[in-house]
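Pasting the structures in now, so scroll down.
Across the two complexes that follow, chain A remains constant while its partner is chain B and subsequently chain C.
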Partner chain A sequence: MSGDEPDGDGAAVVAAVEAVAERIERERDHLTELDSAIGDADHGGNMARGWAAAAEAARDLDDPDPQTVGKTVGKTLMSKVGGASGPLFGGSLVFASAELDDGIDAESAVAFAETYLQKVEDRGDARLGDQTMVDALTPAVHTFKKSIETDELPPLEALAKAVDAADRGVAFTVPIRARKGRASYLGWRSVGHQDPGATSTLYILEELLSVAADRLDAEVPDVDATSPTIPDDAEGDEEAEPAEATASDPEDD
Partner chain B sequence: MEQGVSISTIMKKLINDPDDVVDEMLDGMLAAYPDRLRRLPDTQVLVRDDAPVKGKVALVTGGGSGHEPTHAGYIGDGMLDGAAAGGVFSSPTADEFEALIEACDAGDGVLAIIKNYEGDVMNFETAIELAEMEGVEVDSVVVDDDVAVEDSLYTSGRRGVCGTILVHKAAGAKAAAGGDLSEVKRVAEKVIDNVGTMGMALTSCVTPEKGEPTFDLGDDEIELGIGIHGEPGTERTDTMSADAVTEELTEAVLDDLDLDPGQEVLTIVNGMGGTPQMELFVVNRRLQELLGEHDLETWDAWVGDYMTSLDMAGASITVCAVDDELKELLGASADTPALSQ
Partner chain C sequence: MVGLVVVSHSERAAEGIVEIAAEMAGDTRIEAVGGDGSGGIGTVPDAIEDAIDAAADGDGVVVLVDLGSAVMNADVAIELSEVEAVIADAPVLEGAVNAAVAATDPSATLDSVREQAEAARDIEKL
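Showing the complex of A and B:
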């Protein structure tokens, strides 16, 4: 949603929602497979149903602004996805959309991303390292914010870096133990499983990036995952969190 | 659980289509109580026919279906203003909870009574935040009376079970008596702090969707510490006598509550949906003997199906310590489909 449209383009957001819906539908079985290992095997179906309905609701809006699209999609997800994912994916989107009063620019996109993360954390009472969608979302949001505010990168490049960070966040869910959500009931047996919510979060971000690049008629920027930018000031402590969370993991129990 | 399902365990059911069962149940309730209840359009939310009730804090709740008479059975004078019904054993969505809150608010605030299940808590909390954005004053309490497990398949922390009925009753009486939102919340929390429950199953329940037992319990086995969704309990044992089961449940609850001798209590022997009243009274008989042995005074003893788990055979025992204030509130009049006094 960091598209560079100067006054925010609702149509671009609708296109992004449609792309997400198609992607989730394509990945439906994969998400279900991930969820069946640690949960109740309904993440793929619930998300596909919800995003299909959200895309339809977004299409039905008459020349909407980005905020209206965000709220409509959020409310539709809330009512159609159900379970815990409805409030997490949908409710958070409704609240984050409040940041888009004046459309989408780099500043409002950062505020949107931060509010979304905050709502997911609060609602799920989950933090980094709990093997949840927060593990994909946190590095993505922190990287996006830093790329915009500190590194002053163009929004598309900042979004590309955020997607890359989310990708590594998804990988980070595999070797750790679930502490929130249905999978936490498995205790140590959750180790070795990729979190479905983190995975669908990554798919959503990837589609936002792809649609944003399309709209700007640009290539998706190539991000070198192996050498993330080292901050040249003291503000780099977010980057240290994944390592700490991993290190402290085996201590409880 | 797939193995061991024989023809004899595939249950006959009075349902038409599993997809329609909640919808048709709600319509049937409306047909039974047309002057008491109404349904918000395009929702699975039932509210008092006269909602919003002016000059009173509104009490709302909700959760998965399959626990009848919970939740809508307790809508009426002295208890709830409305309840949202989810699918069988699954939480209502946040938009339904929001519609419920907004329909019941008369301007004096709303107390949401939430049973501690992950889906219920997250959807209700989202709804509360949305309703607050619309200018409704909302507060909430989370009931977690099940002493059997600390974390479960559906919860972090203890589960909310039959003790919730007492929260509806006490908070409902306080609201009916004109208490403001903070006072209504205070008495709800007072019940929560003083109540404990533990349940057991003789048989699994059969959800309409699956049409077969949700878990496999041998002919000579029972499950202690069961929740209200057929989720695993704490211990599977050989069948025991009614007295032995009652002792297990009662001791676990009393252990948790740690009451002083002479304490007055209200007790509930709750049927899980498939238990004859005869058996519930047999359990109550031994429960009351045990309370005497612990020097506890029974102030009131309720026996019946208050919060069920479809057709599960089994029972739960709830003990709530009461003082003068709770006695007044729990003993106050109520007029609802499932509870009148």
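Showing the complex of A and C:
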């Protein structure tokens, strides 16, 4: 392991985990409120307990690399959450962290995101539209991947778009019926309620974005999931918005 | 022998189900596990893994589960454990009783016990 950089990616991931733990603690009552409407009212408490333990475990690591932080946090969530969020958030994180064995760059971040989503889908046997965290994750991962691979946006901008995509996904959970998770027991009564797991997924992504911007000493880019970037068809599309507004590299600021 | 594990969100429910199934279980090892690890309702994979290891008696372990996270955490526990274990897709109480009976058959295998547990889905009560 190349642990010779005290302020490296591993330290950034630890900072992100701490930010997530603080955010989840702040949102604990809100998450529990969402979960008490359609579930078993344990999401806030379970997540707060798990992430607090995860942040502590991450802090205790000696100059770790990103993969080690991810696996440690995932394992801690699995053993401390005490509900479905343990294997879903924690187990998926352990698995996806293997994509970070060469550190974090745009390419490995996309691989991480895709693997994480796949693992959540498999473990929870949930698909898009089941009123679960998959509804927030899928748009976030798809938007991130496309922004990096097709639009070749700077990672921070891609992440900002992904966060907005997750926000839209959270909103999408409200008017649909739950097909998975405890809320599915409510049948049609689940319609009209926001999914707690999708909501906490959004909070996590928001904190990742905030910490990433902080570490890059950049402002959070003012973009949303639909912001025009590089036109999808740059050669023939005369009506596309000018690319200049979003093509600037936030690191140039 | 094939061993059994009963996983419930409630430790007391798991123990109660085991108490009922054990009446029919002969010498079968049957373990109860449940709770979130801090006194509340829930399930954690580490505890389920320990229960699987404790129930193992040479011929694998059939795991009975109640709701959502019990299934996922049992899945994780099975991946972590060295023991060959399978989840029975069955109602937890009736499945445990069926599995207990099946496990006492001298020719019982992991598959035969799981199949008997899953046959509990068809039990009619009226």
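Note that the second predicted complex is superposed on the first by the 216 of 253 C-alpha atoms of A that agree within 3 Å, B and C clash if a C-alpha of one lies under 4 Å from a C-alpha of the other, contacts with A are read in each partner's own complex, and residues count from 1 in each chain.
Just so we're on the same page, a contact is a pair of C-beta atoms (placed from the backbone, for glycine too) under 8 Å apart; a residue touches a chain by one contact, two chains touch by 3 or more.
None of the values given here were measured: they were computed from a predicted structure.
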{"item": "Touching partner for A:Gly86 - first (chain B), second (chain C), both, neither", "value": "both"}
{"item": "First (chain B), second (chain C), both or neither touched by A:Arg123", "value": "both"}
{"item": "First (chain B), second (chain C), both or neither touched by A:Ser36", "value": "neither"}
{"item": "Partner chain in contact with A:Asn46 - chain B first, chain C second, else both or neither", "value": "second"}
{"item": "Touching partner for A:Met78 - first (chain B), second (chain C), both, neither", "value": "both"}
{"item": "First (chain B), second (chain C), both or neither touched by A:Phe95", "value": "first"}
{"item": "Partner chain(s) touched by A:Thr68 [first = chain B, second = chain C, both, neither]", "value": "neither"}
{"item": "Contact residues common to both interfaces of chain A (with chain B and with chain C)", "value": "78-80, 82-84, 86-88, 91, 123-124, 181-182"}
{"item": "Chain A-facing residues of chain B, complex", "value": "87, 90-91, 93-96, 118-119, 122-123, 125-126, 129-130, 151-154, 156"}
{"item": "Interface residues, chain A side, partner chain B - complex", "value": "75, 78-80, 82-84, 86-88, 90-91, 94-95, 123-125, 180-182, 184-185"}
{"item": "Interfacial residue positions of chain A with respect to chain C in the complex", "value": "40, 42, 45-46, 49, 78-88, 91, 123-124, 181-182"}
{"item": "Chain A-touching residues of chain C, taken from the complex the two chains share", "value": "35-38, 40-46, 67-69, 72-73, 75-76"}
